[in-house]
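Naming follows writing order (A, B, C, D, E and F), and every chain is counted from residue 1.
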Amino acid sequence: MFGITVRDHMMIAHSFQGEVFGPAQQLHGATFLVDATFRRNALDKDNIVVDIGLASTELRSVIEDLNYRNLDDQQEFQGVNTSTEFLAALIADRLVDRIHRGALGESAFGLTQIAVTLHESHIAWASFERSV
Amino acid sequence: MFGITVRDHMMIAHSFQGEVFGPAQQLHGATFLVDATFRRNALDKDNIVVDIGLASTELRSVIEDLNYRNLDDQQEFQGVNTSTEFLAALIADRLVDRIHRGALGESAFGLTQIAVTLHESHIAWASFERSV
Amino acid sequence: MFGITVRDHMMIAHSFQGEVFGPAQQLHGATFLVDATFRRNALDKDNIVVDIGLASTELRSVIEDLNYRNLDDQQEFQGVNTSTEFLAALIADRLVDRIHRGALGESAFGLTQIAVTLHESHIAWASFERSV
Amino acid sequence: MFGITVRDHMMIAHSFQGEVFGPAQQLHGATFLVDATFRRNALDKDNIVVDIGLASTELRSVIEDLNYRNLDDQQEFQGVNTSTEFLAALIADRLVDRIHRGALGESAFGLTQIAVTLHESHIAWASFERSV
Amino acid sequence: MFGITVRDHMMIAHSFQGEVFGPAQQLHGATFLVDATFRRNALDKDNIVVDIGLASTELRSVIEDLNYRNLDDQQEFQGVNTSTEFLAALIADRLVDRIHRGALGESAFGLTQIAVTLHESHIAWASFERSV
Amino acid sequence: MFGITVRDHMMIAHSFQGEVFGPAQQLHGATFLVDATFRRNALDKDNIVVDIGLASTELRSVIEDLNYRNLDDQQEFQGVNTSTEFLAALIADRLVDRIHRGALGESAFGLTQIAVTLHESHIAWASFERSV
């Protein structure tokens, strides 16, 4: 099994609903380091997992829809706790959509799995992985 | 599959039995960065894997029983090589016990897997993973 | 010259005023890794720069006044761009106040300099240093 | 499942064939941080996954055959894109060869899996894993 | 004293002249993480050290003249050992030129010092600092 | 001003005397990441600060006298708190001795300053700097 990972980041504001979140129920924010991993069983004809340039561009594009925003104000997140693990899945799902639409190139149809990890600090991170 | 990880650390003294350990047969010590990862298939009703506050507290509590100690002097480790990989499993097992006893909250009964990684330096680490 | 550094972090929301900030004029957020360095010319009678326990506690206390907040809503920051470099200075100044008030112990009166670095991501950080 | 990882690095020059590589078609270079992970289901009689000294020595030896070289000039890589993911697999395969030849000690015959990750920068890495 | 740092990276090939370099006399390569630090005594009217967007853009531009190249083939480096410390100074000098030409904005004329650190691996880095 | 840094590590046991140390009065241990920085005003004839091979070898040699030991048992440390900051100074002083004795080569007589940082965990480190 082969994998490649690219890292980017985003800076957002949000708040959480539920006593379990303690002071994080207040409006606060986070820098998320976003690691997107693409996996496949064999390398493509160029000896790579995926075009790392396209992978970085598409990850950046997915992130740009969230970056420098207050997630509480976004229509799509009304009534949703935008937890680190939720955002990891959201980004993974959106990357899979783009893979299926061909945005990562034809060779990317050979990808079998994707994993996204969001680091919210030096001592906490969350991840989500799914098939492509 | 979702996962969240929390990091803490401990500073212990110990020595090893067996020629394979070379100079580490002498009494020495280590700072272990301890990464505990909790996994489940779907998020709970709050959109999280587990209460990260409880997870951190319980990890800290498990570590406190080892921290600032000479493991060679602990009754429970007589005749045992307290290797990095052994300690990773020990911490994982103790976290699973606490999950089963309800210490990480009711939602934590939905956890399916735990992984613990102990970094002994910038160039060496060990991990253990098991089902919950 | 001796120095010791302790690291903690905070998660805040804020926005900036001024075209130079581009999309960061929108309400967004950040995780700041906060590194506080304490310096002196010679070690104290215990062979240390400062009681690292007290240093960590006081840094935590300074951070708690900012953590999990929207800085735009804080009275003290009205009309102020709470940039990374500004916050580094704010934290340094507050630590110096606490040193002068004796909160870091009597030996801390021997400190001569403090530096605070705030990492806003893996690719950007700001710092401020001043005399104690 | 237990695992231990050792980290080393190498500094090589190479170029790629194929439009997908953009400017990396020119002769350039990379520092690769190389993380080699060894896995098994249960610890050996010394309570370890593998002799970490031997593991480090053999990883170093595998790396030495590539280090400080222009891979384009190596006979074995003629017509091959020595991508990060390709090199991860190459190193993993060579480590497995050495395990089978007994270079990591008799206990290493109990290893079941190996994973190699090559970090080409702070924002990109590739990995390969296979059974032993 | 205030400072801000931005990080980028480049991947180059080169070789060294002189016995002191051992195997690095062969054509090899490196990924350099490049940290550029800008310093001044007081913040500007926007409460910042320098426009971090312009600072990142100019650093990227300086790096682009070196990135994905074999430095041995560059006219300007004939007969020069392009050591890590030499490249740190080169990048710092070029950033100072751009500051003086106004590329980092008018407020950047208030900068007093620049420092550039190049990490060649996880265990070695070099830096150069000079006045602006 | 130019500088180069090399990183190594050591794993020791020790205990502290004095209430300020709390639980660290018990015999415990630490992994110290050791960063040794060498500085000079201008590069030598090879365009470097110092022979990085010799610098690494001598740092390793200084560390070997401490590594895998219980510092409480060493004659030289009787009645001494072997704090992180104390050990940083000890290593810096020993490196300066070696520079003066010629162990880092003739060009190393041009070094003007040395700094040593010891990381005891991901959240605490100490440093010492002095002239050469």
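Keep this in mind: contacts are C-beta pairs under 8 Å (C-beta built on N, C-alpha and C of every residue); 3 or more make two chains touch, one makes a residue touch a chain.
The structure presented is a predicted model; accordingly, all values stated were derived computationally and were not measured.
Colleague: From the C-alpha centres, identify the chain that is farthest from subunit D.
Modeller: Checked the centroid distances; the maximum from subunit D is C.
Colleague: From the options D-E, A-C or E-F, choose the one that repeats interface C-E, i.e. more than half of its residue-numbered contact pairs are shared.
Modeller: Answer for the repeat of C-E: E-F.
Colleague: Would you mind working out whether subunit C and subunit F touch using mostly the same residue numbers, over half shared, or mostly different ones?
Modeller: different
Colleague: Which integer distance in Å separates the CA centroid of subunit A from that of subunit E?
Modeller: Chain centroid spacing, subunit A to subunit E, equals 31 Å.
Colleague: Need the CA-centroid distance for the pair subunit C / subunit D, whole Å please.
Modeller: Subunit C and subunit D have C-alpha centres separated by 41 Å.
Colleague: Go ahead and note the Å separation of the Cα centroids belonging to subunit B and subunit D.
Modeller: 27
Colleague: Spell out, as numbers or ranges, the residues of subunit F touching 2 or more other chains.
Modeller: If we look for residues of subunit F contacting two or more partner chains, we find 7, 122-123.
Colleague: Provide the residue numbers of subunit E that touch subunit D in the complex, in ascending order.
Modeller: Within the complex, subunit E contacts subunit D at residues 7, 9, 11-14, 23-24, 26-33, 67-70, 73, 120-123.
Colleague: Help me check something: in the complex, which residues belonging to subunit E touch subunit C?
Modeller: The contact residues of subunit E facing subunit C are 1-8, 43, 46-49, 51-53, 105.
Colleague: So in the complex, the part of subunit B that touches subunit D is made up of which residues?
Modeller: Spelled out, the residues of subunit B in touch with subunit D are 16, 18, 20-22, 80-86, 88-89, 122-130.
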